[in-house]
Structures are given as structure tokens and as C-alpha cells.
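The data blocks that follow each hold one structure.
In the two complexes that follow, chain A is the common piece, with chain B as its partner first and chain C second.
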Partner chain A sequence: MQLTLEFGGGLELLCDSEKIHKVNVDLPNGEDDLTMKHLLSWVRTNVIKERPEMFMKGDTVRPGVLVLVNDCDWELSGQLDTTIEDKDVIVFISTLHGG
Partner chain B sequence: MEASEGKSKKPGASRLCCLCNQRRPVLKRPKTLQQICRECFYEVFEEEIHQVIVGNRLFKSGERVAIGASGGKDSTVLAYVLSELNRRHNYGLDLFLLSIDEGITGYRDDSLETVKRNEVQYGLPLQILSYKDLYGWTMDEIVKMIGLKNNCTFCGVFRRQALDRGAALLKVDKLVTGHNADDIAETVLLNILRGDIARLSRCTSITTGEDGPIPRCKPFKYTYEKEIVIYPSLLKLNFDTLTYDIRMLISRSWTTSPPNVSIYSPNAYRGFAREFIKDLERLRPRAILDIIKSGEDFRIATTTKMPEQGTCERCGYISSQKWCKACVLLEGLNRGLPKMGIGRARGGVNGDHKKETKKPPASAAKSLESKQCGSLDF
Partner chain C sequence: MQVLLLFAGMESSGGDSSEIVRELEDLKLQKAEIEHRISALEAKLQETAAVERCDAVSNGHSSPTSPAFEHGLDHGLSPDQIYRYSRQLLLPSFGVEGQSNLLKSSVLVIGAGGLGSPALLYLAACGLGRLGIIDHDVVELNNMHRQIIHTEAFIGHPKVKSAAAACRSVNSTIEIDEYVEALRTSNALEILSQYDIIVDATDNPPSRYMISDCCVLLGKSLSESIDECFVKQPLVSGAALGMDGQLTVYNHKGGPCYRCLFPTPPPTTACQRCSDSGVLGVVPGVIGCLQALETIKLASKVGEPLSERMLLFDALSARIRIVKIRGKSAQCTVCGDNSSFSKQLFKDFDYEDFTQFPLSAGPLKLLPAESRISSKEFKEILQKKEGHVLLDVRPSHHYKIVSLPDSLNIPFANLEARLNELTSALKEKEDGHVNTGSCTNPSVYVVCRRGNDSQRAVQYLRESGFDSAKDIVGGLEAWATDVNPNFPTY
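Up next is the complex of A and B:
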């Protein structure tokens, strides 16, 4: 499954300062759908290079990290239960900073 | 809209905007938990800020107003929204951006670039003032003199006054900052934890310093950080800007290796309060507004003796001592005694010897700790 991941608000610094990552994610074994829950742990393992605690807390994003799935707040699509489809664009923006 | 067919199996995606009942919602508002579409979001976001401005009579027509612009998300969105509202509702304000350059090589460069872009985008004039302009020293020069250890004190103390000094230099009527609801809730908590009653009583005011030369106000007082961040993302505004903020978070000033940032440092302390606020927000987003409300409703017993607020004999800035902290630090720098004013002052200009008997020993340290490195100051 081809996905576009975008990191902003400084989160890109946790993944080689690349803001946009075009990635290929396989469905988890024995599952028909890819959920955000799975995608997050995949991102943590495969994309985040340092300080994963700035990105995640427990099995979800750290409070203060905003998630948009296809330009839509993930709080509307069920957060961790959001089903991800091929060619989806997922944006992570950290709000935890000055400004 | 275009995506809604394919994505209809996502829960919630098939519902419609609570406000217009026509379009697909893109956001759940933390303030109201309403699901609203992009168009309605812009409308309510901007309209609420307009109502805050009008309801609190923040401005008068013809005023010259400086927007404290760091290049971060809050001040960037503030500059954008304020110039829009000024046009739309004929506030009659003479707006411009005011940025402070601490003079740290490689630190503000990106954010100043952003501010420069904003100048072009929004047609707002930009004034950059440096620590050199305001104090005669760049931070790089200060670090050279005092080393890596105590420079946060200088940077923080100087930053707190920089906007006010800059605003005075540029003869503005008012200064606005991008402090948002999350910032204010965090500050309420911090002031309670520190037992700082004086700050607690003023940190929720939408306008401060009205009796001083230049009042400061916070049009985003009731605006959630989440909405400020999502606003430009949905509008596809120029938002490279966000990068510099976290760089600040990761490598706070000159600590050479970031992991060594002490958890006892004042920055970390503020960070914990922030994280707590964000945890609360996740459980119940209204909590942020409720904390602000609690802060507003605090009443201090009339019998409580409050610290007297005077003005610095040297520069006229508010100070509870004879000289304000910035002037004490500057005096030290200029006399080649940079340690002056750091930690417990011995025989300083403010005659600490007589105060020291009254103050508990922790207070000297506290006055330092409360001056954090971040850009939040109330």
C-alpha cells in the first residue's frame, strides 16, 4: 500500500529532517485492513530515527500531535481505528513548541 | 468532497458539517466538539477572534499596533488573521510586525526569513530589532563572555523586555502577541504551582500594562492551539515556519548536547505543565477554557500583601526592585562582571542584604527559575 506521510511542526527533525515520506506499507499478517494503530507502530519502527517519545506516548501519538488523514482531522475518522487506504496522505503536526 | 465516496466506510466520514449541514466535516472543534467543514471553520475561527477583539475593546481606530512576530505558528496566524480582520471590519489600525533578533548565529535565521516572507504576503511592514539595538550586546557576545552555563538567564530576561523596549522605540500604541488558550491555561497552572499570586492575578487578563506606556493584548486568549495549527494547514498557507519552533525545543539554546537538558531546568518545568494540559485536553478539551476561567475567577483577599510594583530607576520598565533584572544584568556585562545578578546577588545595586533576611532562601532561585527560556511571558 502506497502512502504519503508528512511531518510538520518540527516532527520532521525526528526523521532525518525530511518532511515528506513516500512509503510502502504491507498489510499486517492476517488482516484485511490497515489501521492507524498499525501504521503508527510501523512509522515508529521504520520512519522515526530519534526521540520516538516526542512522537508517541503509549500506542498513540503524543498529546499535542495533530493527525490529518486526507486533510481531515483524525478525530472524525476514529483516531486509531481509522482505516487507511492506498494513496492516502497522512499528516502529523506537532503543536508542542513555542511560537 | 471528492474523497468522500471512496472513504465513506471510515466512521464519521459520511456525516455532514454541524453548521452548514452541506459539506463534509474536516475538523472536530475542541471548544465545542462540533464537527465542521473547512469553510465553516474559517468563518467561525475568524469571527470568534473578531468578537473577542470587539467585545473586549482591544483596539481604537487609528492606533499603531505592533504584532510581536517570532516566525512561529501563533504569531504568523495572528498576523494573517489580524490584517484580514482589519481590512474586513475597518478597524482602522496601522499594523506592523515587530521581530526580535537575539543575535544567536543560526537560531533565528529561518524564523526571520519567515517573518520577511509574511511581510511580503500580508503587506505588513516589518521591523527587526536586535539585542544589539536594544541592549548593546548580541547573545553570541554574551555567551562568549559568560560561557554556556548561565546564558538562559540573560536571554530570558532580555527577551521579556525586548518587545516592550522595541515597541517604545517604535512609538506604538499597543503590542499584540500570539499567546493562545493553551499557553494561558499552562501559565495559570504554573503560577499556581509556583504560588506566584501576583502573576496569577494578571496572567489571564486579555490586556496587560494598561497603566504603563504600552499595553499588551492577546487576541488569541480563547483560541485553541489545535485550531491555530490546523488553520494554515487547511488553508495551505506558507508553513515551513513550524520547523524552527521544535528546533528550539530539542536544542534549547546552547546546551551543546540536547539530552543533557536537565529535568530540573525551568524549561522542563514548563514543558511538564504543557504536557499535562495536553493530556487534559485529550480527555476533555473544555478543560483548557475551564482553567482559564478558574484563573480569571481567582480573587485575592484584600488583606494579602502584594509585592509592590514599581519602575526601574534606570530604564523605567516595571520592576519590584530599584533596578530591573535586565539593567542589573547589563550593568554586570558592561562592567565585565557577568555573574552579577545571577543566582544570589551579593551586594548588588538593589541592596539585597536587607531583603535577604525576609525572603526564604528558595526565593532567589525561584526568581531565576520563573524566567524561562521560552517565548512565553506574562
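Up next is the complex of A and C:
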């Protein structure tokens, strides 16, 4: 499954300062769907290069990170249960506080 | 290299420069006094002029033979206002209705910094009824690259005074409220309640939670009495750091509040400040302009506010993305259906503790006194030519800005992986000492920008067997304050 992952608001620093990652993710064994829960652990293993605790806490993203599936807050699509489809764009944004 | 030479050169000519510094201080003091008198006179002139204008307008409206009546101006705009705001009146989608609404509205901008600067200028220019400015800070030279509302003449003066003077010079006809104070739970409800719309142009998590909670509470109290028009106190929230910016409108007609989106505060390590991470001046400028735009739309009741949506600005890639975000959360502890959050709870709430983000942090005290030396003591070590290695643990791009001569740069984040470089630097010094017949082992002194990371580094080094490691208290900032005032700070 071809996906586009984007990191912003400083999260790109956790993956070699690359903001956009075009990736190929296989369906987990015996599953018909790819969920955000599976994708997050895949990202943690395959994309995040340092300080994984700045990306995840437990099995979800750490507080202060917004997850957008095709430009839409994952709260509206079921968070960890959101089903990902081929060619989807998933954005991870760290909230900013500066000014 | 240039910086090092500069540093060496300035050390040797200390005697002459102190006289120049004194004379400069004298002149600056005189300059500040004159500027103070000028701004006082200007303010007086503007007030007098405004009173004269108001008299003219109110006289006009008080009698049926007024110019306004004669010209059929039943929208309440004076001839001056028609001319001043004509380019907005000419917009079919804005027009006199939009301008009349704007002139009746009041807006509070919290923070007169990078976001607040352009926001305030546009809000003053567009013709709001009343504009409040709150900030406790003073203008500094390192603000000027992004906080474009301030001028060099106001360095050292309160940002609110500077911003208010700039707004008045753009538009002397609007009312401006100045609050030279920090926003706290003790004064927030009272101050925010006096405005229709709040603009969050602050720079830290505790303030952002506090402002959002306060807006929700003020919305609640209004909704019991007044009709649906302005029941909620909308919050135009902007943020910028480095090359990124974010913008959204909270607490607007069923939209989320800040806590709906971020119920749990992020870890402190994820909350970078412009003074640590840097920011390109125009980035908060862009977001601040957009905050003004969203505020004008809300106040004039035109267009579609950026509620339940968020604008993400990536300056480096030249991308603006607008994403859909969740609505109001029924489970929200502040604006949710079963929330018991009250004004009293708000007043007692410790936002710095909640976010683990102290606003006035004292220096870190990690090490015992015997593991530390002052910058003056380090100067003596340099003068006595005692064998040592000076380890600078700042990030390499900081090190490139300025550094002490003959230092070794290993950023704190890489210290563990690059310990061998420190070992070989020490070995080199030791060998040098054998040749000169000295018998003392070289010490490790650790320096950073302000003296926090250097303590963490010393703690780690001592655990790793570098028993002589000591940190220089207060870092390069202390060196600049106590040893060499000409050493560049940033």
C-alpha cells in the first residue's frame, strides 16, 4: 500500500529532517485492513530515527501531536481504528506555542 | 574566526572602551528622556485632536440638521470615517455594514510580540471600536527582526507603550486600552470580559490554556442572559516557531476550545521557544496578519471563520495546508457538557504546574558547589595557563555564532556517542604537560549558553569517569556579564 507521510511542527527532526516520506506499507499478516494503530507502530519502527518518545506515548501519539488523514483530524475518523487506504496522505503535526 | 579576533582585540583595549561605554550610556539616557517627552506631547496632541473630532461628529449627530443627516448617513459613519475606510466600504462583501460592525466591536490582543505586532497594526488601521493590548515585557534589540510594531527608540520601554504609540500613529481615532502587566488567573476574567474577541498572540503553553479556559468561562456566563449573537467569546489563536506557523479560531459557534484539541499538555521538551529554537521574522508576521484577518471577519460578521479548521504554514516549502479539525468535545473538562469548571476553579488553577512549563524559571541547580566554577574563576585558570579542556556542549549552529577560543564543541545531544573526542583532547593536553614537566592532570570545564546543559553534561561526565569535570556557572551569558562585556550574546 503506497502512502505519503508528512511530519511538521518540528516532528521532522525525529526523521532526519525529512518532511515528506513516500512509503510502502504491507498489510499486517492475516488482516484485511491497515489501521492507524498498525501504521503508528510501523512508523515508529521504520521512519522515526531518534527520540521515539517525542512521537509516541503508549500505543498512540504523544500529547500535542495532531494526526490528519487526508487533511482531516483523525478524531473524526476513529483515531487508532481509522482504516488507511492506498494513496492516503497522513500528516503528523506537533502543535506550536511560540510567537 | 572573525569573532575570535574581535574577542581578543576587545579584551586588550578594555580601558578605552569603558569610557566610550559610559559616554554612550549617558547619551542613551538623554535620548530616552527626550523621546519620552516627545511621545508624551504626541499623545497629548492626538488626544486633543481626537476630542475635537469627536465633538465635531457628536455635534453633527445631535441635531436633525446635522451634516450626517443632510447626507443621508444613517449607518452612523462620520464623513472622516467614510473617507478613511473608503477602500473597505467599496468592497461589496464588506461595505458599510461590515465597517459599522467593526466600529462597534472591541478586541483584546494578548502579547505585543512577533504575532501581535502585525495583528495590532492591521486591527488599529481597519477601524475597530476599541483595541486592548496586554504584555508585561519590554522591547529588546533581539525582538526587532520580527516584532515590527516596535522601533529602536522604544528599546527598554514596555512593549504595550510602544505598540500603543504605533497604533495611535496609524489611527488616532480608535480607543486603545493599555495593560502593562502579565495576564494571570487573578486578572484574566476581569480584563477579557471587556472585549468581544480575544487574540492569542502569546508564546507559551500555560498562557494558551489559561486564555482558552477564560474565554470558555466568559462565554458561559454570557449565554445565560444575552442572545446568541456574541454568547461565545471567540479566540483567534496563532503560533509560530522556526519556519512553521499555525492558526485557528477556537470557541466559536460550537467549535472546539483549545482543550478539546489538546486535553493533555505536551511534554516540556516539545515546547520550544523562539529564544531557544529561533524564528524567521516574517513567519510570525504572516500568522499575525492572518490573525488580524480572522478577527476582522468575526468583528464585521463577514465571511467564514477558520473554526473547526486549522491553517498550517510551512514557510520553507512554501506550503499552506488547511485541515479539518474536531468540533467541540462533549467530554472536554472545560467546555464539555458535564464540565464543572467554574470561575473560582479557574482563579485557583495553576497553569504553570499543569503544563510543567514555569514562566519565570530560576537557574537549574543540579550540581554541588564543588563541581562548579564561576566565569571569573575560569578566567583566572586561563590567565594561569592551567592545563584544561574547555568543552562547549551547545548545538553546533550556536557554536558557529560565537565561542570561547580553544574550546571543543560536542553538542550535549551527541556527548555519549562522541566521548572519545573528549578523551583524546585530554590525552593531548596530558602529553603536552609531560613535555613541559608539569604534573597536574588537566581538568574538564564545561560551558553552554546559560549554564543548564553544562550541568547535565557534567553530571553525565562524572558518572562516566571524568571526575575532574566542572561546569561554568551561568554559561557564556555569565562570561559576558562578569568577565567580558564585549563578548557577543544572543
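The definition used in the following text is that the second predicted complex is superposed on the first by the 95 of 99 C-alpha atoms of A that agree within 3 Å, B and C clash if a C-alpha of one lies under 4 Å from a C-alpha of the other, contacts with A are read in each partner's own complex, and residues count from 1 in each chain.
One rule holds in what follows: a contact is a pair of C-beta atoms (placed from the backbone, for glycine too) under 8 Å apart; a residue touches a chain by one contact, two chains touch by 3 or more.
Computed from a predicted model, the values in this text were never measured in an experiment.
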Chain B and chain C placed together on chain A: clash or fit? clash
| message | In the overlaid three-chain picture, which partner chain does A:9 touch, first (chain B) or second (chain C), both, or neither? | response | both
A:58 in the overlay: touching chain B, chain C, both, or neither? Say first, second, both or neither. neither
Practice task
Kindly classify A:30 by the partners it touches after superposition: chain B alone (first), chain C alone (second), both, or neither?
Solution key: neither
In this superposition, the partner of chain A with more touched residues, chain B or chain C, is B
With the two structures laid over each other on chain A, which partner does A:78 touch: chain B (first), chain C (second), both, or neither? first
*In the superposed arrangement, which partner chain does A:95 touch: chain B (first), chain C (second), both, or neither?*
both
Clashing segment of chain B (vs chain C; choices 8-16, 26-34 or 314-322) is 26-34
Chain A positions within both the chain B interface and the chain C interface are 8-10, 54, 62-64, 66, 68, 71-73, 75-76, 91, 93-99
Counting only contacts in the complex, chain C reaches chain A at residues 111, 113-116, 201-205, 208, 238-242, 244-246, 261-267, 269-274, 277, 279, 284, 287, 310, 312, 314, 317, 321-326
Note: in the complex, chain A contacts chain B through residues 8-13, 51, 54, 62-64, 66, 68-73, 75-78, 81-83, 85, 91, 93-99
Per the touch rule above, chain B residues touching chain A in the complex are 3, 6-7, 9-13, 24-28, 35, 70, 72-75, 178, 182, 225-226, 229-230, 233-234, 239, 242-243, 245-250, 274-275, 278-279, 281-282, 374-376
Listed in rising order, the residues of chain A that touch chain C in the complex are 8-10, 19, 53-54, 62-66, 68, 71-73, 75-76, 91, 93-99
